[in-house]
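Structures follow.
Both complexes shown next keep chain A, but they swap its partner, so chain B is in the first and chain C is in the second.
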Partner chain A sequence: MQPVPIRTSLIFVAVIGAASFLPQFGSEYVVAVALSFAMWVALAQSWTVLCGMTGYGSFGHAAFYGMGAYVQVLTWGTLSPWLSVPLAGLVSCLFALAAGYPALKVRGPYFVMLTFGLAEFLKFSIIGIEATLGQFSRLIIGAPSPNALYLAMLGLAAAATLITYVVSNSRFGYGLRAIREEEQAAETIGIPVARYKLTAFGLSAFIPGMVGAVMAMRLSYFEPSQAFDALISFNIVVMAMIGGSDDARGPLLGALFLIGLSELLWARAPQVYMIVLGALLVFFVLFAPQGLAKQLFGGARRRAT
Partner chain B sequence: MVDKLVGKLNALAVLNNNALGETHMLKKALLALAIGSGLLLPGTADAADPVKVGFAVAKTGLFAGAADGQIKIYELWKDQVNARGGLDVKGVKRPVELVYYDDQSDAGKVVQIYEKLITGDKVDLLLAPYGTSSHIAAAGVVERYKFPMVGNTAASVKLREIKPGNIWFTTGQMPDRLAVSLVELFKLKGIKSIALLANQLPFSLESKTYLVPALTKAGIEVKVSEEYPPSIKDMTAMLINVKQANPDAVVAFSFPSDSAIYLKQARELGIDAKFQFVEVGPTEAAFAKQFGEALNGIVTMGHWTPDNKQWTGARALFDSYVQKYNEPPSYLNAPLVYMSCQILEQAVAKVGLDRDAIRKTIATDTFDTVNGPVKFEGIENVGTPAGLLQIQGGNMTLIWPPSIATADFKPKPAWPAK
Partner chain C sequence: MSFLTINGVSKSFGGLQALRDISFDVEQQEVVGLMGANGAGKTTLFSLIAGHSRPSLGSIHFKGRPIAALRPDHICRQGIARTFQIVRPFANMTVLDNVIVGALYGVRQERSTARAAASAMDILADLNLANRADDPASSLTLSGQKRLEIARALATGPELLMLDEVMAGLTATEVSELLDSIRRIKRRMSLTILMVEHVMQALMRLSDRVMVLHHGELIAQGKPQEIVADPKVIAAYLGPST
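The block that comes next holds the complex of A and B.
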């Protein structure tokens, strides 16, 4: 692992420090937008650890988010909510390890379809389970204050960024990139491909699980079709692709760009937002330098970054 | 004359608002113009600041079919209030301005929108979104900000048990009470067996939860019982089971989009039970247009009719709705939504815009509405009974309970030939 440049770490600490004082100055609304930004940064960073680096594109990250939210509502009232958050991360991570073991044996578009299918399968399973339990939608009353939840989310965003940064600059990260460039060659030169991929998958599920748990409290409402919404997966992919890099900078830019766009559009013209999102995706896939689609589906050359 | 002008401008603003988006500015400008023109002629409109009333509306998505009638009532109410010179805020009349966003029938968006309305737009009053899942989602937000909101197109026993303090439901159709009404009518009409279909949305599942034990108690056999996800596109497999079981009654705890699927496919397959209950949808104007004669005999949920002379304003609501929109109002949603506006209006007239005072007033007072007196116990309206409607000869008729019914249940005629 390379030493962390002093300038980068100073900027990182300064930004997080400044952001943590936001509740003292900003209005409730500004804090809500900032929380949403932190959430997407955390999700997109987590996605990058697996998908940006290995080229295995997951369209199912909503599963981890939803799983975390579900753990939170299930343990609500019996467990301290702050204890449920790491527990949610752990459950998501374990689920990823269990699902990843068979799923990571396929590549390219097959992996994309499989992750999407798994997430939908999980969604409809939980809808069924909830219906059987006689729980049709759950309400969380007495959640921590929005400011506390904002700080928690900020912490998760910082942690996710840190993880991506550390992995990106580590031996492990180079191994993951080698898998993206040419999996067989990577295996031949002695990279433990299966273990690396699985570790990355588990790592990329951990933070989304915790994000889901915090968001369940923020929304104070849980309903499976909403917590496991495929649009969450889709947004993550678009952010990471628009940000478009395999280190921690990409997801930050992508999230900033899309949150800005969505704040402008979601309330006034939600359909326009979706159209713009689709158009942007097409644009970036077709015209982004070095072809992000190639990277997603594997076999791309190393981009000059 | 100015009243007329204001009305016209408001109608224009409504038209413009249909496109949502940037037209909001135009609407504001028109409203300002309307108020401005009122200023020129003394003694007509009031120059006070508008009262901002915010809500989320399901313009698109699963609930769009039924939510259309909701927003039409909100607009109608706003026009009526403004035509009267404005909303009476403890003696001072102020114009009403509606602030709303499309929630795409997504409960997650409902949460975002109510947060934005409260913290961003800083609205003075809130009205409700469409449907139980959206109400439950909004309930969390209004609890957090202690912002009272009278709900309308929703009911939930689960929520009643949580005992929130800032939301109420104008309906008499709490799922447990609806179940009792249905079973009473079943017994009276000699129904011995039913087939039960339920959408996996909160309201329909709760309806099922309370109906099944009530049926068992009454000795009515459930021959088929199926659940399906909200986004269902085809019911053929389920309906073939229903047809083979040949029950005396079919109960579809459905929402507008799947109610339409049920009506279409039950007709195609020739399901000929004499009692067919379809929960949400048949009261909407769009259903009358789409299904016409095929709706005859269908029983649905609702406890209102414009024909009840004891309910002040019931006929007037019907007439003004038809005049404005050129179609009849939904007998289910229109009164529920209008009642929520009336309750809010009466509370504000009494105590002004102070949220604590509004909450206390709504929780304790009795309100006079187009569906009779409303009194809340907890979140539940205990002044209104759970009722049933039936489409008879193309007309919506109130058939249950006997205390307010205007007609008796008639066995469903055969589906019209295609």
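The block that comes next holds the complex of A and C.
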């Protein structure tokens, strides 16, 4: 992989640095919005590693988020919450590898339906398990402070952005894009297609699992139909699509745009929020299918040299 | 031991027998042309060698190793590259990126994108595509996309190059230019070439040997001049004389 340009890395470090001081002078509201922004950046970046690059669109990323949250509440009180977070990432990752092995054999709309179905299946399984155990929701008492959780989420957003950036500019990223463009041709020039898709799927589940674990502490309770809510999957897809692009810029722009918009609309006109969101998605699909990133930064990818 | 050995290969799709008991050898640095009418089994044979499907019967050896059971990416890494008759570019990537991917994988497994880009530029120059390096692959004409197919295959660093009708649909000038390019590259990279071609001029000028497939069987092989005079070949193409 090529060295990271100095300007990009300076901006990255400066933004993360500035954002980590936010709790010192920002209001509670500002920190809450920033946490939500960081969460969606982390999720949308993770989604892009698989879906933006390989073209396998997942409509089931809520499953990884929910798994992470579930691991956190199950281990609450027995394991340090900061140990549970990476454990949650690992469990989500393993789940993705197990589910991805058969699921990645189909592509296009079939893969979309399959991931959606798998996520719903997991949701209702967990609801069933919880009901059998006599648990209808679990509380988390004594969670770390919102500021600490914000910093954790910021770290996850930074890590996810870094992963997407590194993958996007690496040999692995070239292989994934080739799979997206023409899978059989990719295999013919020596790309281990099945292994690459599975690796990308596992990678794209890791951070969402950790995000779920952190959010469970932030919300301080766990309720399966909420943690595995399909709306989480939809939101990730909408952000990634509005942002566009198969590198780290798209998810950043998409999350920024959507979080900004939703804060404005929830405050001013909550009754039209979903309507505006729907209209926007239609607009982007019809008129700017390449997303904001392509509109702002131009067409074909710059050359590698 | 031959470079490439096809031994008793048959392939059927359900009740249709696409290839029947095909055997032949290809020697190192030889250029072998494969001709035959549509449906004769030429592309099927290519798919078997490249690992896209497996023979129903028979074996394929490359440099002494059996390859019939390997996956396409493994076969590519052994040193066999193919082009597709219907071009399959990575359409939304630049012309250069298309070729870079080939160099990053294949036999070469180049770890540095910068070094891959440098060798990709050389290959693009060989195929008169250097000035289009930064354009998206989808913007190339058919002739350009055919040359890009070859460039991407070459970038993997093959010893055996399989060309599937790369001349089809090109104008006479383009055919002649591409013939020159292929000759030049073959010499420089010491390639062995197996080519399916309908353009007789290309077969005549490039091939050391021509093989003729007809209804899934190998009916003749020999020097290009002998093949065009072979009564069996003429009968297969024009129907038996009465």
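By our rule, the second predicted complex is superposed on the first by the 283 of 305 C-alpha atoms of A that agree within 3 Å, B and C clash if a C-alpha of one lies under 4 Å from a C-alpha of the other, contacts with A are read in each partner's own complex, and residues count from 1 in each chain.
Definition applied: contacts are C-beta pairs under 8 Å (C-beta built on N, C-alpha and C of every residue); 3 or more make two chains touch, one makes a residue touch a chain.
All values reported here derive from a predicted model rather than from experimental measurement.
In the superposition on chain A, A:Gly134 contacts chain B only, with no contact to chain C. By the document's definition of touching, neither partner reaches A:Glu120: not chain B, not chain C. In the superposition on chain A, A:Gln271 makes contact with chain B only, while chain C stays out of contact range. Legend: residue contacts after superposition of the two complexes on their common chain; A:Tyr29 is shown touching chain B, with no touch to chain C. When the two complexes are overlaid on their common chain A, residue A:Leu219 makes contact with chain B while staying clear of chain C.
In the superposition on chain A, none of the residues of chain A is touched both by chain B in one structure and by chain C in the other. Residues of chain A that touch chain B in their complex: 27-29, 32, 124, 127-128, 131, 134, 136-137, 139-141, 143, 146, 219-221, 223, 225-226, 229, 266-272. Residues of chain A touching chain C in their complex: 1-2, 169-171, 174-175, 177-178, 181-182, 184-193, 299-301, 303-305. For chain C in complex with chain A, the residues that touch the partner chain are 50, 52, 71-73, 76-77, 81-82, 84, 88-94, 96-97, 100-102, 104-107, 109-111, 113-114, 116-118, 133-136, 152-153, 155-156.
On the chain B side of its complex with chain A, the touching residues are 20-22, 24, 60, 101-102, 104, 106-109, 111-113, 115-116, 119-120, 133, 136-137, 139-141, 143-144, 158-159, 162, 164, 200-203, 205-206, 209, 227, 229-231.
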